[in-house]
Each structure stands twice: as C-alpha cells, then as structure tokens.
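These notes open a run of structures that come right after.
In what follows, subunit A forms one complex with subunit B and a second complex with subunit C.
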Partner chain A sequence: MLANLKTPAQRHTAIFYGLIMVGFYFVPVFSDNFYLLSVFTTAYFYIIFATSWDVFAGYSHLMNFGHALFIGIAGYLTAFVDLHLGLPPLLVLPMCAVVCGLLGMFIGYLTLRMQGPYFAIITMAFAAVAYESAIMFSEYTGGEEGIPGIHPLTDSLIGDYYFVLVVMSLIFLFLLWFTRGRWGLVLKAISQNEDAVLASGINTAWVKIRAYSISGALCGIGGSVYAYSLTHVGPTSMEQVLSTTILIMAMVGGMGTITGPFLGALILVLFNELSRDMEEYRLLIYTVMVVVIIFFAPRGIVSWGQPIARAFKLGGKRGQAGS
Partner chain B sequence: MELIQEIIIFGTIKGCVYALIATGFTLIFAVAGILNLAHGTFYMLGAYFTYTLFYVLGIPLPPAILLAAVLVGALGMLLDRVFLKPMRSSHTYVLVLTVAVAFAAQEIILLTYGSQGMNIPNLIEGSVNLNGVVVSWHQLLIVAITAVVLIMLWLVLTRTRYGVATLAVSMDEDGARLVGIETEKVFNLSMFASAFLAAVAGALISPIMSMTPEMWNMPLMKAFVVVVVGGIGSLTGSIMAAFFLGWLETFTGFVISPKLTEVVSLVLLTVFLVFRPSGILGRRLH
Partner chain C sequence: MTQARDYLVVDELTKHFGGLAAVEKLSFSLDRGQILGLIGPNGAGKTTVFNLITGFLPATSGRVTFRGESLMGKKPHQIVNQGLARTFQLVKPFPELSLSDNIRVACYGPRFMSQGLDEEAARHRILEVAEQVGLPDDLDQPASSLGHGDLRLLDIARALMVQPELLLLDEPLSGLSSIETQAIVGLIQALNQEGITLLIIEHKLKELMKVADRIVAIDFGQKLAAGTPQEVVNHPAVVEAYLGTKDSYASA
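Up next is the complex of A and B:
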C-alpha cells in the first residue's frame, strides 16, 4: 500500500480517507445519541457490503445482482449457530466467512468458467430462490417474520458501534491492500481483455472464482455482524432490493476503486436518513440517480476527487490519476 | 392415472406462460445482445395496463389485453431508443440500466395502485371436465392463445422480410449491416415483439394469480432458467425448456411438496450449468 503513495494526489487521497476513518472512531466521544450512532452503524454495514461487492464485480465488471445472498445466508447461519449451539461471535464470524466463501466458490465455479452473461443471471436467481425458500420453509426460518432473539454482540450500544467499526475498518484496509496489488491489476485486465490475460498464462477463471469467493466471504462477515447487531434475521436480508441498493451505492461511488463504494455507501445512507419523509420515493430516487450517474459520470463520484482537489490547490498536476 | 393427467395439463398451462415470457427474453438477447432485466416489468405492466383499461376506461377484456400489450410494446421501444441505444455496447450498463428501470417501474406501480393484490376476470367464465380433471376455460384459452401467438411469431420470423432481417442480425450484426439491413430498426421492432409477448403473458395470468408490484421478479428468474436450459439465443430451445420447466415444477408440486416448486428451477439451472452449459439446443460455449 505504501508503494501507492508516491504522488501528492495519492497521498491526499490517503489522508482524506484516513481522516474520515479516524473521525468515525471519535463519533461516540462527541455524542452518545442512540439515533446518530445507529445511523453510522448502518453506514458501516453498507460500506462492508458495497466494498465487498466492489472487490469482485467492480473490478471485473461482471455484475453481481445477488450480493445480498451472502448477507442472508450468513445471517441465518449466525442465528442457527447462536441459538442452537451458543458459540461466541468471534467463532461465528470466521465460520460465516468460510461458508459464504465456499458458496461464492460454488456459484463462481458454475458461472465464471464461461464467458457470457451467466454470472449476472445466476447471482440474481440464487438470491431470489434463497429469498423464496426462506419464506417457504418457515418451520426452520420463521417465514416472513424471520428468527428473532439472536444474542447481541456486546452489552452496550457504544460497544456494538466499535465492534462494527473495527470489523469495517479491517475489511476496508484488507480490500485496499488486496486490490492495490497484483490481484486488482489482473481483475481489471480481465475486464478489459480476458483473452490477453489468458494468453499471458493466467488462469482467468480461477482468478475470478477466487475473487468472487473473497467478495462473498467478506460480505458474509458483514452479514453475520449485521444479524448480531439487529438481533434478528429475516428474508428481507436477502431481498433483491438490498442487492440492488448495494450495487447502486457502489456504482454511484465509482466501481473498481474500493474507495468509491465506501463513499457511495456513506453518502447514500446519510442521504437516506436526511430524506426520511420521502421514504416511499427512495427507490425511485436511487434508480434515477444511477441512470444519471451512468450517463453523466460513469466513473462515479470518486472521479470528482481530482478536480475538487485541484480547485482547492491540493492535488498534483493534471493527469496524475490517483484513486 | 389422474395424477399424470393433472401434471400434464397444469404443467402445460404453466409452460405456456413461461414460453411467452422466455421467447421474448431470448429474442431480444439473440438479436441485440441485450439481457433485459426489465423483461419481468413488461409482464407486470401487461397485467396492470389491462386492469386499468378494463376497469377504469371500461374497454371490454379482449381488446383491452391487446391494447395493453401494444402499449407495453411501445414502452419497450421507447426504453430501447432512449436508454439502451447509447449504451448497447456495454453489457454492464445495459444490465444495470434495465434493473434500475425495473425497480423504478415497481415503485411507480406501488405508488399508483398500492401493494394489495388485484385481479382481472377470466376471459371466459366456467370450467370443463377433461376426463376427470377440472380445468377452467380460461386456462385452456391460455394454451390456445399461446399456440396462436407462438405460431404467428414463427411465421413472422421465417416468412416476412422483417423476420428474415431479424434472423440475419442475430447471426451476424456487422454482416447484416453490410447488406443494408437497418439494424437499429430491427432492434427496435424486436424490443416491441419481446415486450408484447411478455405483456400478453402478464395479462393472461392475472385472472389466476393476483398482480402485485413485485410480480415481475419470479417470472424474470424463470425466464433466465428457461433461456439457459434451452440454450442462450435459441427460440426453439426456449419453448422446449419452458414446457419442460412447467411440467417439472407441476410434478414436484403435486408429487413431492408444493414448497419445493420454486427450488426446482434453481436445481435445474445448476444441473445444466454443470453438465451442459450450452443448454438443450444452444451453440457450444467456451
């Protein structure tokens, strides 16, 4: 990661996100308002979901329309393990990561060996069928009501806040490290010309499968913490709307950057809270937003970073692409 | 014996609806390379437009269905012209754009009609006893209409200039353009046909299943499954796969457990992706 801090623009980017991160840790110092903390916690969850979506779909441009599948599977797994076996969260989180990673590997094995639109279709189909099944098999899943009564992570709201924040920070740092190296490069190359990557002796299918599996595993950790934090899991955690919201957050922020989905998720969650009285129009606003972004800023809001920094005489010279 | 009859009859009815949805979905994919995630939306709009034309404007049901399907077809053309045309080269943006359209439509329907289920009446009331199995006339009519619509589609595709041009574009877009086919026009008309077929399916099913703003989701999934099982881009394959899925789902629902009907399609999809990813009639993929 340090290797990526050569130019002033990159250093400014790092300082910018560093400050946001540090700021997050100080929020409870200034206020222990229940509402404020829960808004931020929600934002951290969406940051986990959107950045873990980005590490595969954003970099490879293979659209994942069913990311919420991992949230739901991890949530239900957490509920079962917590209520029936009583294992502590620190054991359950890695378990969810492994299960979701394997699930990602399975779906990836089915679809990513072939070129073509299979991946988008199948991610959507798996999530939809999982959602339907969660409602149908109500004797195990509680149907539409879901499973209540999962034990909370810690005793206090502040404790929960820090737990989620630490998980989010670790995932974010891991993803930055992971994508700024060889992996990110190979995935981006695959999105541009898969045959060329194949010709340079890289097993592209396997690279994609592993990246998708990592994406699933990280989202699984997020989904598990999400279930603990809500002390409840229900079929809504796998809804198509949730998958699409994650995708829109990542796209609005800027795909294939990790920092973009981070900003996108943060901004949209805060926007969402500020526009509570327009609740019913939310999805409509989101969809209009994504259409506008696609047509006018296809690289997302992170691509505005450079011009803004220049306007404040911060960034490097024109043409130095920092991400 | 009665069980087998029931499975065949009700599976065929289900298969007809799947066939109507999936042929349109395959058509636009084969011709324009558009994987249209708003296809389920056309299905939904077909039902809601028919409802509005019938109850609000008081148009008799058969012309209302036809008019609704034409309107939805026109909307499909509009979607293609305005949103998809500038972005057609990128699979990513087509996918995201169409899913955005699907959700926007869901929200608009939700805000306009509310979330409660609604129905339109049967085209023909009453039912008939087919050798011990009671089937409503409307269900039999679905089979008849599907047969007529699919035969007409086949005639259009093989016997008219438009149809031959469409087949040419689906085989080789650049080649078709070189011999003077206006590909944009072909894309547009295919979008019309695709949306029209989905809307007819939506209107025909809504006396049997109530319409809700979320009704677009599952048919879209079924269309996916049918298209992959039939072979991506193959119309005949899609029709075969639609009936296959209809029968298999009905069989599972009747013999094993009704709860498993929605899982059938996923199992079928998985089996095909592992053992025969090119589908029943698809070209071999790499």
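Up next is the complex of A and C:
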C-alpha cells in the first residue's frame, strides 16, 4: 500500500491518519480513566460501523438506511453461540462475519435493480423487520430487554480497549487497501456511470453484491465485538436511530472515502461526549453542527484536508520556491 | 480463426416498447474486417439496434449471432468479454475520475485480467491507447474538465481498452468540429487497418461514406436499403426518408 503513496498529498494523509491511530494506542498509557477509555471505545465502534457502511453505500451512492441490521444480527448471534455453545470470541467473530456477509449478499441481490429511494426504503424495512422480530420472539431474544450475560472479551477494561482498537485498526486498514485498489475505482465508476462500467466488460451486479457483502461482514464483526463489550444485546442495536446516526457520521465525514467516515464517527462521538454538560441543548447543537457541516462541506470534513494542508505547509513551500 | 463472412448476423431482430415498434424484423450481416454504416432519420431505431446487439436491452424476438454464437440472453459485460465493445451516443465518462482512471476501469474486466497483466502493463496500455486516440497529454485531469470532442475520444479509448474485435460506435462524429471530425475519421480507418471490424451509426453521411464498405439504412425500425454507400444513398426509399435531395444529406 505504501507504494501507492505517490503524491505528497497522499503521504500527508497517510501520516495524518497514522498519527491518529498511534495516538489511540497510547491513550491508556496516559490515563486509565474508565470514562475516557469507554468514550474512545465507543468511537472505535462507530468508526467500524461508519467505515463499513461507506464501502458499499458511500462508494455506490446507494443510501443504506438500515446498516444497524448487521450490528443487531451479529449481536444476537454472538449472544446465542456464547451462552449456548460457549465458543470463544475468536471463533464467533469470523462466524458473524460470514453470516452478515451472506445476509449482505442476499439483500444486495434482492435490491440489485433498485434505485435511490426504493433501495433506501428496502434497507430500512429489513432492519425494521429484524427489530420487530427481536421484540416479538421474546422467548428466544428476551424481547425489549434483550439478552444479558454475554461473557466479556477480556477480564480488564484496558484489555477490552485494546481488543476493540485492534479490530477497528484491522478493519480500517483492510478497507483502505480494498478501496484504494481496483475495487474502489470500479465502485466509484459504477456510481458515476454504471452503463460505461458494463460496457467495459465488468459485471457490475456482482461488484455491488460483493461490496454489500463486505460491508455487512465487517459491520457484523463490529456488532459482535459491540455485544461482547456491552455483555448484552437488545433490539436497540438494530434501531433506526442507530442506522441513521451511522449514515450521518459517514456523510459528515465524507462519503466514498473511508477516511471521511472514520473522522466523522470520531468527531461526532467525541463531540457528543464533550457536550454532555450542555444538557438539553446538546441535541440541538449536535443537529445544527451536522447541518452546518453538510451545508458548508457537502463532500464532508475530509474535503477540508487539502485546503488546510495547503494553508499550513504548502503555503510555506510556495514561498520558498518563489524566493 | 472464425469465418470472415457473417461475422455478425442480425436476424429478424424486433423490439417493441409497448405499442411502439422501435425495431421490426431487421436483418443484416457484417463480414469480418468490414466497416458497416447504419443510417436512418432521428428515431429510426439505430441506437436501439446497438442496445439489442450489446445486451443493454432484451429483444422482443429475433436473433443476433457473433462468430456463429448467439448473443441472445447474454448480459452486456459478457458480450463485451466476447470481444464486442461499444460507445454511446451520449458520451458516458466517469466525470470525477481522472482520464487514466476512466480508461483503467476497463482493465478490471475479465478480458484484460485473464491475460495476467499487472499494473505496470495496464499503465503502459493506457498510455498507448490514450496516445492512439489522441487524448490530451495530462491524463491526471478529471474527465469533467474535457470538452465534448475529447470526451468522445475518451469513450473510444475506454472501448479500445478491452481490445475489441468488433467495435460499435454510436454517432462518433456528432457535435465535433471539422478538425476533430477528421481526427476521428482517421482513427476509424487506423483501427480498421489493425483488423478491428466496425459498425458505425452516423448522421454525417459524407464522412461515413468515406470509411464505410457497406451501409444499411433503416426507418421506423425496418430496413430501407443495404449495399455500397453509393447504392444506399441513391436509393429512392432512403432519399424519401431523409425528405430531401441527395445533395442535402450527402453534405449534412
């Protein structure tokens, strides 16, 4: 992947995200404050959800309004196999990836010919049906209460912190690799002109199904770790609010970039926590902030990267070159 | 090698859109190495014929065979991978991708990938094709910065990237300046010299007559005439369909 960092801008970007990631690994060195670590852990979960959303929806511009479906399905699956079969997380995570990957493939296949709003509504409906089922079949799912008592990932807060962080790092790196290569290019091309991609001899249907499957599989891994981390799963893990939050984070950060949803999730989770003191104004400020960002940066926060970098670094260089 | 005669055969091809017969029992064939022109007034069904051949639309009835093999029921990408590429009447670039990425997309189909070519080979081929069609040197600029003429070239470049044996061009000269027109006419001749068979829809008859070996004229989805360019252009039914004298369309 490093070989792909041809331009200075690409190198700056790699250094920027590399530093953030390294910083994450050092957080527990400076503080073992329970609250601080759990805020960061929450951010990592949302990063997994938003970046995995992005690899399909952000690149294809098919708005997935039901991404939390995968979080919930993986969560319940994790609860079942953990409590009934006692399988270890390292087996359960791949299992959730496979199940959610197949589910993504299935939904991708069903929705193949759907455009814009129809696609959005179907994805919403799938999550809603799963949500209602979780409440209805309460003898298996614990109804509204959900299923408590999932075994924790590790026996310490710091252990959990690193577990989630490592999973997030691997998913983030995988997605960067996946989207910076030919798949990202083909997906972007499909969103801009599917006919021309077909005319290039590429089976666009299969590309989209595969991307949706990867999106589901990675979110499923996140959903499983999420359930372990909370030691609980309930219908709220599939709520519409959660799906919408994920979508907003990706939009705010910048769809179809992976790094955008990474930043969007991080910033919005941190803001949400930092603004706890503002009590009842919090939701208002949060909403206004989201609207303002989307208004001034329709391509997301990442689109500010180039101008900011130029203002700081390249401005100086230009001066030197001129002297 | 495959037979030179009846390389592409369109047999009683029919397409109805509701009550509208866009293509009606149309038959013609194309020999390998030829350039065949497809003409007809606006709405005659020419683009629909392309869409039927290339799998973008399902036929109501009839058959298309390429190298003796039926194309019916095949998906567009499968047909491309048999060596039959096309361009579109309305250019279809990927506006936000760079020129080289626009062309590179076509490297990721099975036809190219199966040759086991790596990124380096792809880059090489992209430069080759870009130069052959005469795209601007700066391949890093986004396609959205190109003018109409260059977008046509880009569309052709993308089609050439799949290394087609048969190339379908839908009005490659429309909206071009006379210099750009000459360049594309030269390119068409060069491609044909390389051994590519071409089927070309074109309203600019003067230019088409220069390159085409044969011409098929259609109207209301039906064949009016077929033969050498001179024969077709002088055919009474064709003259009538164009509602004019020979001079007015030959100079169009």
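Here is the rule we use: the second predicted complex is superposed on the first by the 287 of 323 C-alpha atoms of A that agree within 3 Å, B and C clash if a C-alpha of one lies under 4 Å from a C-alpha of the other, contacts with A are read in each partner's own complex, and residues count from 1 in each chain.
What we mean here is this: contacts are C-beta pairs under 8 Å (C-beta built on N, C-alpha and C of every residue); 3 or more make two chains touch, one makes a residue touch a chain.
Owing to the predicted nature of the structure, the values given are computational and were not obtained by experimental measurement.
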Message = For A:61, using the defined touch cut-off, is the partner it touches subunit B, subunit C, both, or neither? Pick first, second, both or neither.
response = first
Ask   = Is A:287 in contact with subunit B, with subunit C, with both, or with neither (first, second, both, neither)?
value = first
Of the partners subunit B and subunit C, which touch A:182 in the superposed model: first, second, both, neither? second
**Request:** Using the touch definition from the top, say if A:133 reaches subunit B (first), subunit C (second), both or neither.
**Result:** first
The answer to whether subunit B or subunit C touches more of subunit A is B
**Asked** Of the partners subunit B and subunit C, which touch A:247 in the superposed model: first, second, both, neither?
**Response** first
Ask   = Where does A:193 make contact in the superposed view: on subunit B (first), on subunit C (second), on both, or on neither?
value = second
Once chain A of both complexes is superposed, is A:217 in touch with subunit B (first), subunit C (second), both, or neither? neither
What is the contact status of A:238 with respect to subunit B (first) and subunit C (second): first, second, both, or neither?
neither
Subject >> Touching partner for A:124 - first (subunit B), second (subunit C), both, neither >> reply: first
Shared subunit A footprint, subunit B vs subunit C, residue numbers none
Per the touch rule above, subunit A residues touching subunit B in the complex are 61, 63, 65, 110-111, 113-118, 120-122, 124-126, 128-129, 132-133, 136-137, 240-241, 244, 247-248, 251, 280-281, 283-284, 286-288, 290-291, 294-295, 298
Touching subunit A in the complex, subunit B uses residues 29, 35, 37, 83, 86-87, 91-93, 95-97, 99-101, 103-104, 106-108, 110-111, 217-218, 220-221, 224-225, 228, 232, 259, 262-263, 265-266, 269-270, 273-274, 277, 285-286
Counting only contacts in the complex, subunit C reaches subunit A at residues 54, 56, 75-78, 80-81, 85-88, 92-97, 101-102, 104-112, 155, 158-159, 161-162
In their shared complex, subunit C is touched by residues of subunit A numbered 182, 185-186, 188-189, 192-193, 195-204
